[in-house]
Structure formats: C-alpha cells, structure tokens
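The first chain written gets the first letter, and so on, giving A, B and C; residue counts start at 1 in each chain.
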C-alpha cells in the first residue's frame, strides 16, 4: 500500500461519509444497495477472479442469507443471531457446492452452479410454509446496535458502510497472506500448483465457501435494507448479473467489485433518463466495454503501463539502432 | 553402501495395446545426478509421470527412502520432498518471478490455517533471493513471469522446483527449446545446486552433450524397457546403445 | 393413456424446436468455445424480423428466406467478427459477459424499438387434426417434428459427409492441427456461426405461430435449449435432438402429472443428474483433462 493509495483511500472514505448529506432518501437507499452488492460481488470475485473457478449461482447464496435472516427474525430471533447463521449456512452450502467443482471440468462446473441456483430458487418460490412462496416475507425489521436503532436510512447506511469496510478489510488481509498466492496459483496453473504442494482441493472448496459466506452476509444486510424478501432477486438472472459485475469491474482486482457493482446497480439507474431504451443502452455498453477492455475496468492502469513500457522499449531500440547505424 | 533415495522396481504402464513402460527398474543414490535418455516414445515421460503420481502405474513398486510411494498424488509427493519440472513451461505468468518462487515453497510452512495469518512472503524472501542470485535473474525478479523470454522462464521454472529443498528433483527436459548458449549455464547451475544442497536429481534430456557432462550415471530407455545403466563413459562405449540410439 | 400419448407427442414437437436452438448452441461451443448466452435472443430476433416482414406484406416463404440471409449476416458474420474474434484469446469470461450484454441489449432493443406485445404470424402448417386410436394429434405438431428432424439430420449429414463439414469438425476437435492441414479455420468457424443463425431462424419459424413472438421469449427458450444441449451431450450434435425431446416431453408430463409450478423441475432434475454423473451428457464423449 503506497502513499498515493492511502491518500486515495482516505479521500474515498471521506466522500462516502459526507455523501449522504447531499442525497435525498432514494439516493441514500441506492448507495446502501450498492454497498450490499459490493460485499456480495467481493465474494464472487474471490471464487471467480482470484481462484479461477466458475460460479454462476452466486445469487442463490445471496438469497439463502436473506431468507435465513428473514425467517429467523420472523420467528422472533435477533438480527445478530441471523447474520452469523446466514454466513455459516452459506459457508457450509458453498463448501458442499465446491465438491462437484473438484470432479467436474470448468464449463460443466458453470452448469452445475446454474442448476444449483435454479433449484434453490424453485424452493424459495414453491415452499410457502418456509419462505412465504411468491408472497415472500415482509416487515423485516432493522437491527439495533448497542441500544441505538438502525431504523433510519442514514443510520442503516452507516451500518452497512461499516460492515462492508470490515469484511472488505478481512478479505484484503486474507488475499495479502500466502492464501492470495495460493489462489492465484490455483487459478493460473492448477497442475503445477499441485506439484508444488498447493492443496488445490482444499483451496477450491474454500474459495467457494468463503465466496458464498460473503454473499450470505450481504444477503442478511439486504434483508433488513429492503425489509421485504421474495424470490425474484435470487434468480439465475441475478447470478448472471453478479458475474457480469465481477468481470466488468475486473476479475482478480480487489476493488473490481466496487466498480462492477456500480455498473450493475447504479448505472441502470442513471440510464433511466433514456426511459424504455435504458436497458438497451446498458446491454450495448457492456458489450462494447468487454470488446475494449476484456480484463475489466480496473485493467486500464495496467494496459496504460504496458503501452508506455512498449513505447519506451521501442524508443530505446531505435536509439540504439541509430547509434550503430554507421557500422553496417 | 548407502540406501538409494529412489528405487523403482518393475514399473509397468500400458495404454490399450501399447506397453508404454514394460518393466523398468533402477535406483538413484543420494546426491546423484541420474540421467534418462532414449528415443521419443521410449516411455521416459510415462515413467516420470508414474513416479510423480500424475498417472497410475499398472504394476511395479516405487520407494522413496525406503517408503512405498507408489500411486501417491503429486501433492503428497511434494510434501514428502519430491520436486519436479514439466516438459512444457509451467510458470505462473501473472505473478512476479519472486512470487513464483515464494509460492513454490510456501505451502510447506505451517498449516493452511496458520498461513492465513502469516506475512505475504511466508518468510521465504531471503531464500527466494538466494536462488534468484544463483540463477542470475535479479534484474527481472519483480517482473511478471509471463513477460520474460523463454530461456528466462525456463530458469524460473527450474528454480521453483528447488525452492522447497526437496531431497529428490525430477527434471523433464530442462533444456527443451532453450537457446544453445544457455544450455551450458543450466548444466553449471544444476551442478552447483547439487554440490551446495545435496539432493538427488533425475533428468530426462535429449541433448547428449548436456547429459554426458552433467550426470553421474545414465539410464538408456528403448521401447519402454531399460537397455543400459552406467556412467557416461560406459554408456558411450556400449555397443548396443550406440546401435539403437546414439548412432555412429 | 391417450392423454399421456398426446402430451408425449406434443412434447416431442416442442422439444424438437428446443433441439434446433440447442444444436446451434452446441456447434458454437464445439467450434469456437463460445458460450452464447444470447442464444434465446438469436431466435427472438428472426421471429420479429419475420413478423415485421409479413406485416409489411411479404409472404411467409419470402420473409423466411430474407430473414435467414439477414441472420447469417448479423447473427453469423457480424457477431463473429465484432464480438467473438476480438475476445477469443482472453478466455471464457469476457465472451460470456459480452453475450450477456448482447442478450440484454437485443431483448430490450426490441421491446423499446418495436413492441412489448406478443405477435404471431400464420404457421406454415394448415390447421388440421388427426385422431389415431383415440389420440389427438395436430398437423402442426407432426409438421414441426418432421421439419425440425429434417434440419437436424441434414446438419448432421452435412457435418459428417461433406468435405466442408468434416473440415468444420476438424476445427472443432483440434484447431491447431486443422490449421496445419491447410484448413481455413476462420472460414470454418464462420460457417458454424452461419449454421447457428439459420437453425435459429428455423426455430423462430416453428415456435412463433404457437407460442407467439415476444421480446422476452428468448429467456425461457434459451434456458431450455441450454438444458437440452447439456442433457443430450454438449460435444455431440445428435445429443441436441435427444436432449430437446427429453426437455419438451418432460415439461409436458410434469405440468400435467406433477404440478404446473414444477414444470421446469423435470428438465432441471435431469440436468443436475447429468452434470453430476455424466457431465458430458447422455450421448456425449468423455473429455480428457489436458495437462
């Protein structure tokens, strides 16, 4: 973390703390929504971007987290029990989902996660006794922290901001540790990694489990944010959108999800001025973005650097050629 | 007479009707550099992959310092002190050279759980630097490994195999595709590593000069079986080997 | 029993439409490693093209032919050159996301630019019903099944028996070797995209008279084609037909005998079973893990 990055981080934090005062309640809601999705997609970025797995069922974990909190709070239990329960349940289910990943090749793994998502969604939609079916669960309360109520949009925004920063920091710590290199090795060359002693089975399972847990935590926060949970946000379509967010932001870049979630959540809102055409513009923008920046938005600095180095190398070569030009 | 580090007894592997390895036996002594030569298709790589747990042999016994390691996974073998390089280049292109070396040994330090709290380089920085200096790649140490020239990547690849200080290292064609001017350098490096750190090496190679210069003993494989095992001088004088393989 | 047979037969007819979309999907994957998330929209767009041309007064055959030509140009050539070629060497992620964006753009483009309503056009089969041993079968179902079957078999014969077809197969199995053999790989890949476009048009022709063209028809159609391709065998063309029929029949039977809510569950359950126990599909070949 060099000096420039630390300064940028502080500025960003300051902006995030000050922003609410310039926003109306809908804007604040959107900002909170964005933070929730940053958390969810950070988990997916770990699984897909850092560990190189294929996961097209992430929204299922998001939903499992949300429903866990909703169901538990409806049963009278506190949010503070629901949150760790959501994280733990998603961790275990993610671990279980990782097992097919060990046996099945990349493309078929993507299919398996899709199937899992569809199955989870079918249960959410059809099992009314548990999830309320298509009617969902409403009147989900917001928690209180140390006696302070987090009911208001501003309070809940700060809470979500705090949680996002805490969990992002934990993930950052994990990726800075030897685990980060192990995941990269698993992604780039699993066979070589294994021959060097990297337990690719273990890291594969954990990349799914940790990614799922993050989605579960985000789901818990989501439940108290929107205060009404129904199956619609947890379809395969949503998983695909989350995948899009990770890839557009930049897979394997730590802050990729921040940009990706902005593209996925905030951009469609900004584009509403285009009315009926806004999704068309969004879709087209995504296609063009991928063609121009296949490695995501955060690959821009790297690409500029590579281009600069190539220019310098070429200039050096011409200079050397010019110097020796006299001797044939 | 000390015990062999690696003992292979009657190794067999068939692919359908083709007997790729048909009863191969040999021993590698501590500190020895053992060469494996033979025409293409003689079963050298299949034998390697069987020893290294990449494929399951049909029959035979493989012992590492007396312990049976037949059929163990590559992961297990690495944990027991066996390192390898691959025929095709296998570095982690997006990581720096230094990080490549660090990841090559970090999994031997502590448990998966304890590594969550370890510093980024697991304390392996100095060791990595030592190898970087030995291999003379200090000037590219911080660059992504994928941006290096083929020869430099090959050096990184070889260095990675040695990071965890394995007792036995198997090198699959370390000179393949390398500029001839670098081959001598690789030979020197391997001799130095062998002298400095001990350890036994098994090397598959087609470059005859390289093999004859580097290895203490050489095994000649032809059509899945062992034709001869001996010192370079013995092999060079072996009429059957000359006829079958080395030519006149 | 007659109910069962009716459901079975009409399921086969619907399934054969899925098979057309699934076949194109599988061919694209085999030839270029492209997972086309916009495959459903590749059927929707020609459907609306035909709706538009017919509304402008063109007779159905002419509308179909024009649509096929347009599709080959846009969904074949332009898609390949504009989206797939630039992204090919960057791995699966960018192409997958690009086709996701394409799917969103196409369906919403039609919704905003043409209509959010459902549009039919007259089918190519007259409205007749047969009654065989108490089982009611429509001519449309027979015709659909026959037409789709014909197309699938024709595509298969083309791939297996013509020089071009075999060259396309070679490209699918091993692109490097194909290049060395002198096969014009980019052109073979283009032919694959062209065939996909044509098959999608055929699917559109068959599905619109019954299920109507709507901007969001691509979602469910794409999903079913995908399930069909995976169940049947993702690396085998005949698998698409088997998979399609299984999905079509399964749907019908599930809706009638289990519950309409779990209609999708049969295809899904089969899909999961296939993925876990035979990922290469019922008719697929086992793919070796490359070292």
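General observations
The definition used in the following text is that contacts are C-beta pairs under 8 Å (C-beta built on N, C-alpha and C of every residue); 3 or more make two chains touch, one makes a residue touch a chain.
As the structure is a computational prediction, the values presented were derived from the model and not from experiment.
Ranked by the number of C-beta pairs in contact, the top chain pair here is A-C.
When chain centres are taken as C-alpha averages, the shortest distance to the whole-protein C-alpha average belongs to A.
Note: centroid distance subunit A to subunit B, computed from Cα atoms, is 41 Å. Here the spacing of subunit B and subunit C, counted between their Cα centres, is 49 Å. Between the Cα centres of subunit A and subunit C there is a gap of 32 Å. Taken residue by residue, subunit A touches two or more other chains at 191, whereas all remaining positions touch fewer. Counting only residues that touch two or more partner chains, subunit C has 291. By the touch criterion stated above, subunit A contacts subunit B in their complex at residues 174, 176-182, 184-185, 188-189, 191-200, 202, 252.
In the complex of the two chains, the subunit B residues touching subunit A come out as 52, 73-75, 78-79, 83-84, 86, 90-95, 99, 102-109, 112, 115-120, 122, 160, 164. Taken in their complex, subunit A has these residues touching subunit C: 48, 54, 100, 104-108, 110-112, 115-116, 118-119, 122, 125-126, 191, 236-237, 240, 243-244, 247-248, 251, 275-280, 282-287, 289-291, 294-295. Across the complex, subunit C meets subunit A through its residues 29, 35, 37, 82-83, 86-87, 90, 92-98, 100-106, 108-109, 111-113, 219, 223, 230, 234, 261-262, 264-265, 268, 271-272, 275-276, 279-280, 287, 289, 291.
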